[in-house]
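Presented below are the structures under discussion, each in the form of structure tokens.
First chain A sits with chain B, and in the next complex the same chain sits with chain C.
Moving on, here comes the complex of A and B:
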């Protein structure tokens, strides 16, 4: 390191005593972390194959031949998950926003809206997702609607939208509540209407504050799209089930898991990164 | 001549605490009135009542002789006529300085950005912020933010401006630049009410100084009289502490 990169505050060449000490501590911590990681991995690699059922498990779950044969088909099926996700996500965002605004109304004439908002979030946050999918996914097409309105895609997606928008609404509402009263006062003092205050002052800040929390919800949604397999659509989970029966082997499930992780891990990391960044900015 | 803004027996309570205990005050057109008093004496509350950010419990507030404090009256048109600047600036952090200023004129008066921009550039220039229009609040110093907040209130072309201790969150070297702005406004004949701890400033520029004590205006008068020959013991004690 050349002396030029160092802050001008320390005119003496070379690191300060404190920097030398901290570098030493860091090196030591890294060495310990590396050693303990290697020890754990080695133990797993040596010990797991010693388990009596390991050979069977390996054959049933980690079969290279089955993996190679089914993986492309799984990826193809995953496209359907992504599509269902892609068109339910904006619907969820919009519905969630609508419900959050319903709950935030103050005027007595709009009390029914507010009541609706409360009931909506209570009901859909109180039910297991899969139950809502069953009730709506089987129930509504059972009314004997004409094509294409009897499609499980539509009603399954609707079930996801209903459930997830309740969660998104709650997150948004907490974001709205978190905007300091003084911002509303400033807007009001300029003569802005309540509506404009919400739209131009409160909501933009609230939405920005809850982006990380909402990202976590949407990651959960991406996983829960797999629940639609129970009512028909051949998405990745159902496709893996088909392969499992075909090859009498569980490897396709492992393949599906890998595909999910390839998407959800980076997304989760990113959400965490945003969350940390926001916490740092706030403090 | 009726006063521009008159308060008659204004009362305001928060729960059990009565913060304004019957305030009578007249502010004439073009006058600068300073409210002084200890912390908690009710200066901020009184200002917030004047532009209806807080509804008053009793008494009347007259703007040009019209009662604006009537319960149930739409406060919006009144607030357009009475601007307020807060101690903590309260700029909108997600908008640039220029957007902060343009929001209310755009939404309330339906003016367009193009229409507003030249006037804005002139105002920012006059306030020494010509090159700061497109900066975000967190890129501005406290003094600059406070001047943007003043421009934002002025952009609504109010008839009266209220200032709530707008320099008390500022570093001493930034106070001067904000006070200069007030001096400027006074020169232009703006009607102003200030809550302030800047006694020197009040003495120099105020037409009338009101000493607030526990929710009452204990004493009021021209700065010379009030600062040099206070009548009440409590005023004397307060001035002895702050001067």
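Moving on, here comes the complex of A and C:
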């Protein structure tokens, strides 16, 4: 796109007529986009407060007094979310990889492993996360485990790992499948064992291909950590519920949402960036 | 001038005549549906507040109180309809689907900023629900002993500040959505004890929780901020003064105490936490 590509137009002659025209089109598009954005924002800002119940809604959801009183406590509770996320994510990645490899076994003798992989992903992707958390979080400790082995943190984490590793396994499997058969054939012709082929040829490419898809899963996990509150841990969502009950006001939920967004928006932006980068490299 | 004073006198006479009719005139035109009183309770409604989850029967403490209040306001039993709401539905902004909501809502100044409460119809002691195993392990009804326990509670309870401020447990309490989840955690051994209002705790320890035991109670009269239950109404509800008048009448006549004696178990056997 540089000017050197077009020897006809010397730099001294300034922009070509085509460039002037295109710049004009761009400016016009920008002006229209700006005007329509302003119109939409103005309509929202003006019209919503005109609704008859706006004062009530404002008092119940956007109450400055309640927000100020509860926000520090919410931030404090959010630390627990981050901790649960931090120890769940690596476990999920490892288990997911294991299940994906189970499903990809090709030897007839390992058919039971393949069957296990299929059953695992089918079951745990098909169950609501909350149900798995209840069954494992209350059920397993109910078998009579002594403390601290009946802690809701342990079994709640296991529930999250079970469900999310099923999704991650499927994403990884799609990555493994995306590596063309000819690569395996080439590796075999070089004398690599099947195991080494997977380790050194297939997986490095497969995992790189599915990084953006897995980023989305981990963003979803960050939100689903809140479901552990069902079995006891007081993380941000539960803390917001406690404040809601004490103040009879929904503002703490809005505060919790803001804290979630502060983390998930940068993470989604980063995932988008990775995905775009990958698309550019491929094209 | 004379005309005005005559009108005023006539009006005063009229009002007192209407008042003599009972409180029927007070609530007229102020309910959701004319001639009907719509009362909300929980889904499900728990024993001993409502028996068998059937408030229409008038059995159970809150069901009985609801019909007594309705009667004082001039609604016979047939003119009372029941709806079910969660706590969140009760406090959501916008039009409500009930005239008043009755499910052990504790009156607090913070809540009063958002909704209206009637005068209290019950003052509850808080009680410590645990299992026989924990008691056998040496837990006693003293604050020192309670501090060392692993605590749980329903997240929506106003007993939570009491738990964190008065008992001050050594480890952070675990919180749950409802009674059933707290009981599951007790039975799974994840928590030692849970804080409930006394009537609920009595019921749970006797019927629901296996080997349940009541370790002790914090009597309402010893508490600086006793847990008082009130009817929840929309902020600025026109009905509030009628409801308050009915509750005052029931309290003064001793009818409220009689209903309490009929439905809420005797709690004198539960030791007081030292």
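As a convention for this text, the second predicted complex is superposed on the first by the 270 of 283 C-alpha atoms of A that agree within 3 Å, B and C clash if a C-alpha of one lies under 4 Å from a C-alpha of the other, contacts with A are read in each partner's own complex, and residues count from 1 in each chain.
Everything that follows uses one rule, which is that contacts are C-beta pairs under 8 Å (C-beta built on N, C-alpha and C of every residue); 3 or more make two chains touch, one makes a residue touch a chain.
Here the structure is a predicted model, which means the values were calculated and not measured.
When both complexes are overlaid on chain A, chain B and chain C end up sitting side by side without clashing. Using the contact criterion defined above for the overlaid structures, shared-chain residue A:126 touches neither chain B nor chain C, since it reaches no partner.
Once the two complexes are laid over each other on the shared chain, residue contacts for A:245 go to chain C alone; chain B is not touched. With both structures placed on the common chain, the touch criterion links A:57 to chain C but leaves chain B unconnected. Judged by the touch definition given at the top, the superposed model places A:188 against chain B, while chain C stays out of reach. Of the two partner chains, neither chain B nor chain C is touched by A:108.
Judged by the number of chain A residues each one touches, C leads among chain B and chain C. Using C-alpha centres, the superposed arrangement gives chain A a vertex angle toward chain B and chain C of 160 degrees, stated as a multiple of 10.
Within the superposed three-chain model, A:204 lies in touch with chain B and out of touch with chain C [touch as defined at top]. Nowhere in the superposition do the C-alpha atoms of chain B and chain C come closer than 48 Å. Overlap of the chain B and chain C interfaces on chain A: none, as no residue is touched by both. Of all residues in chain A, those touching chain B in their complex are 182-183, 185-193, 196, 200-201, 204-205, 208.
Chain B makes touch with chain A in their complex at residues 48, 51, 53, 75-77, 79-80, 83-84, 86, 88, 90-94, 103-104, 107-108, 152-153, 156.
Remark: chain C residues 87-88, 91-94, 108, 110-111, 113-115, 150, 152, 155-158, 160-161, 172-177, 181, 184-185, 187-191 touch chain A in the complex.
Chain contact summary for the complex, chain A toward chain C: residues 53, 56-57, 59-61, 138, 141-142, 144-147, 150-152, 229-234, 238, 241-242, 244-250.
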